[in-house]
């Protein structure tokens, strides 16, 4: 019974545990923590089972209420979606393990239970967005994700977090508003909400109502790039990711931004066939925006003094990489994008978590005051350094692999200019990450009045993520072997 | 706001609003309406009560933990109704296929899960709306760690 | 497309613009309530009574009240 | 200046959208693509399939009940978020 | 180059006006710095989309989809059902945004985004 209902259960498990946490109320903090953790373990197991199932059967479909697609809602899990579900659930589990001993020190005691519930709801919405095959259902989950993500930013309680939360909420509502208008347009000219049926009806609709489809494509592009923080529309991101609690920043940067890219991939490949995209200037647009994003994100990150803000600007640059792969649109480049979704999720999570540890242990947020911290607190600083080196793209680590595939894809498309962009940006990454690494390990040893100890959960998470960085760097054939058929599947329609 | 006329009229009109809201909820599958609209109408009666008598006396009528329980329990109830169909061998959130009694269309007690779901949604929306309003209008609560 | 519908639509546009232009927040909220009610009426005209009821209860009712509650705790003027 | 620029650009977008509008399927026409087999089934079979006379209720609580679960979740999220924000 | 088919535009006035209201809402959201005004603009924008959506489902001479008559043509119930969801979503987003605004007022003493940015710049 369970294997048959896996697609629904993967959404229901975190959702129901969030409901139960909210049912008991804010006083049961320990219960909330254990429930969240248990739910995430179950969720991760289910997601990995689904991943296995997609390698065997290809695509899994699930019809809610037994109603066939054009009438009911369908979950559609292909290889790409299964890959993303596995990333979301495992990162979610690791971050929750990290939160166990750290969260209570960062936010007020009486909102911790609510925090766990909101966290699980955010995870649910990410899974739902990725798995759903129905446009309006995707919109509902988009709204859940914007509300819960804004709440996870603002829950930090200080005035900056509140302001960032308001900005984030308003801009992402603008984004979902334009996505909804686009959905209305698409529904109007095709008569369906299910992606598969829209794709079938679209050529006929395009012959009759071309402008409508162009308009909806533009609206989708604006809406999703606002939410995914592609360069000129990234203004909300540094504030939000810089002022949120550590665990929220990790999840927001590592996962939430990427789910909108998954939606974008769905629109690009599942609805609008690839030869259809070439009629519109969407590809050059993406290339220009992502190039600017990569360069400007890195340059702005160099100018930051606050470590979390620096990491947030680095996310802007990395989102540029992922969109670059979609703009180049060759199989290798898309593999590079998908790999970067995985690798950036791991790298940014470890960077934010270790930065949060360092801030908590030393009280230092400024980049240039981190002198010698690595000698006092080797574990978090080593994790940070590993993440930073992977981010720069040092060969045996995982960041290199995705950049390699992006470069290969650009060469396939005869656009060596973008290889240059990737190289320049790696250099810029080195410019702001390496000084921290060098200074913290080779600088003068500072004197702290007391040496604090990290909780065991935090140490476990940092180690696990560090191992993941090395493993996905050395054995890159593992994800690439999974993704190659996935991308073939995408290009086949 | 503590006006005698407002209080008298509120006391007189609130039961009617509540009955009307309940009617909209219960007849949601027969006539226009449903859980969301009806729940909001029911909540608006309590909002009127808050405006006339103050949030504190409203808290006595509907304590916070009751409201919170109804909210979450409504959502859990929704999922539970959906899970019934898993054990009946169909997919999540099935109605007829899961063996809910259909009844005669047009009656109040008909349409199986739809009636139950609408009722659950109505209760949930009712308590959510009233909680949203009281939380927004109220000054900082002083309740220790609770 | 009847003239009555067009007038209602025109009224909606005017309400939206007015809600943007007024200085006082209270009047903006009241204009917004009028806008929502007109919207509910329009939906009734489009034969979607469910949406009309929900909009009248939620858009014109609860949203307005929530906005008033927020304004009562913050400032009245823009 | 900023206001004038904004207004001008909005008017430009508005004209563009009006061109789109005149291309849309005619309002209220029974032949528009929206009125395909999807609403037909809702309208013709929902009474026997779901037992509800109100087709809209039949859709939101039966055919597309998962959307409604999402909606319930949004409400719950909003209230949890609000309580968390106002408490910290 | 631009030739407007006025009859078609008159027929499609629902769509056109919905888009105009959408743009007005968008304009309110972008140009006003008062956060409560922004939230009102957000609501106006969303209701405009809902109007657009409901208008899609309308059929000339159709009745409301209460299926108790025989041999009548009904309007399309699907957009109505979707919009019910949309309205509730928009109310929840509004409520949450307002609670954030109230909290911001406690911290900064103003609900104006520009003033808040000014206060922040002075602090740094």
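Every chain is named by a letter (A, B, C, D and E) in the order it is written, and numbering of its residues begins at 1.
Note that in this section contacts are C-beta pairs under 8 Å (C-beta built on N, C-alpha and C of every residue); 3 or more make two chains touch, one makes a residue touch a chain.
Worth saying up front: this structure is predicted, and the values here are computed from it rather than measured.
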Checklist line | Contacts common to chain D and chain E (chain labels) | finding: A, B, C
Next item on the list: Give the chain pair, either C-D or B-D, that is connected by more C-beta contacts.
Entry: B-D
Notebook entry, point to check: At what distance in angstrom does the C-alpha mean of chain E lie from that of chain A?
Noted result: 28
Check: When the C-alpha atoms of chain B and chain C are each averaged to a single point, how far apart are the two points in Å?
Finding: 24
Item checked: Separation of mean Cα positions, chain B and chain A [Å, integer] -> 36
Check: What are the residue numbers in chain A that touch two or more other chains?
Finding: 15, 19, 22, 26, 64-65, 110, 136, 140, 143, 147, 150-151, 154, 162, 165, 187-188
Note to self: Which positions in chain D are in touch with at least two other chains?
What the structure shows: 17, 19, 24, 27-28, 32, 34-35, 38, 42, 47, 53-54, 56-58, 60, 62, 64-71, 73-79, 81-83, 85-87
Next item on the list: Scan chain B for residues touching two or more other chains and write them down.
Entry: 30-34, 36, 71-72, 75, 79, 92-93, 95, 106, 125, 132, 135-136
Check: Which of the chains are touching one another, listed as pairs?
Finding: A-B, A-D, A-E, B-C, B-D, B-E, C-D, C-E, D-E
Notebook entry, point to check: Which residues of chain A touch chain B in their complex?
Noted result: 1, 5, 8, 12, 15-16, 19-20, 22-23, 25-27, 62-66, 109-110
Check: Residues of chain B touching chain C in their complex?
Finding: 24, 32-34, 36-37, 40-41, 43-44, 47, 129, 132-133, 136-137, 139
Margin query: Can you tell me which positions in chain C touch chain D when the two form their complex?
Written below: 1, 48, 50-51
Item checked: Complex contacts: residues of chain E adjacent to chain D -> 2, 4-5, 8-9, 11-16, 19-20, 23, 26-27, 30-31, 55-60, 65-68, 73-74, 76-82, 84-85, 88-89, 92-93, 95-96, 99-100, 102-103
Margin query: Could you list, by residue number, the parts of chain D that touch chain B in their complex?
Written below: 47-54, 56-58, 60-62, 65-66, 68-69, 71-73, 75-76, 78-79, 82-83, 86-87
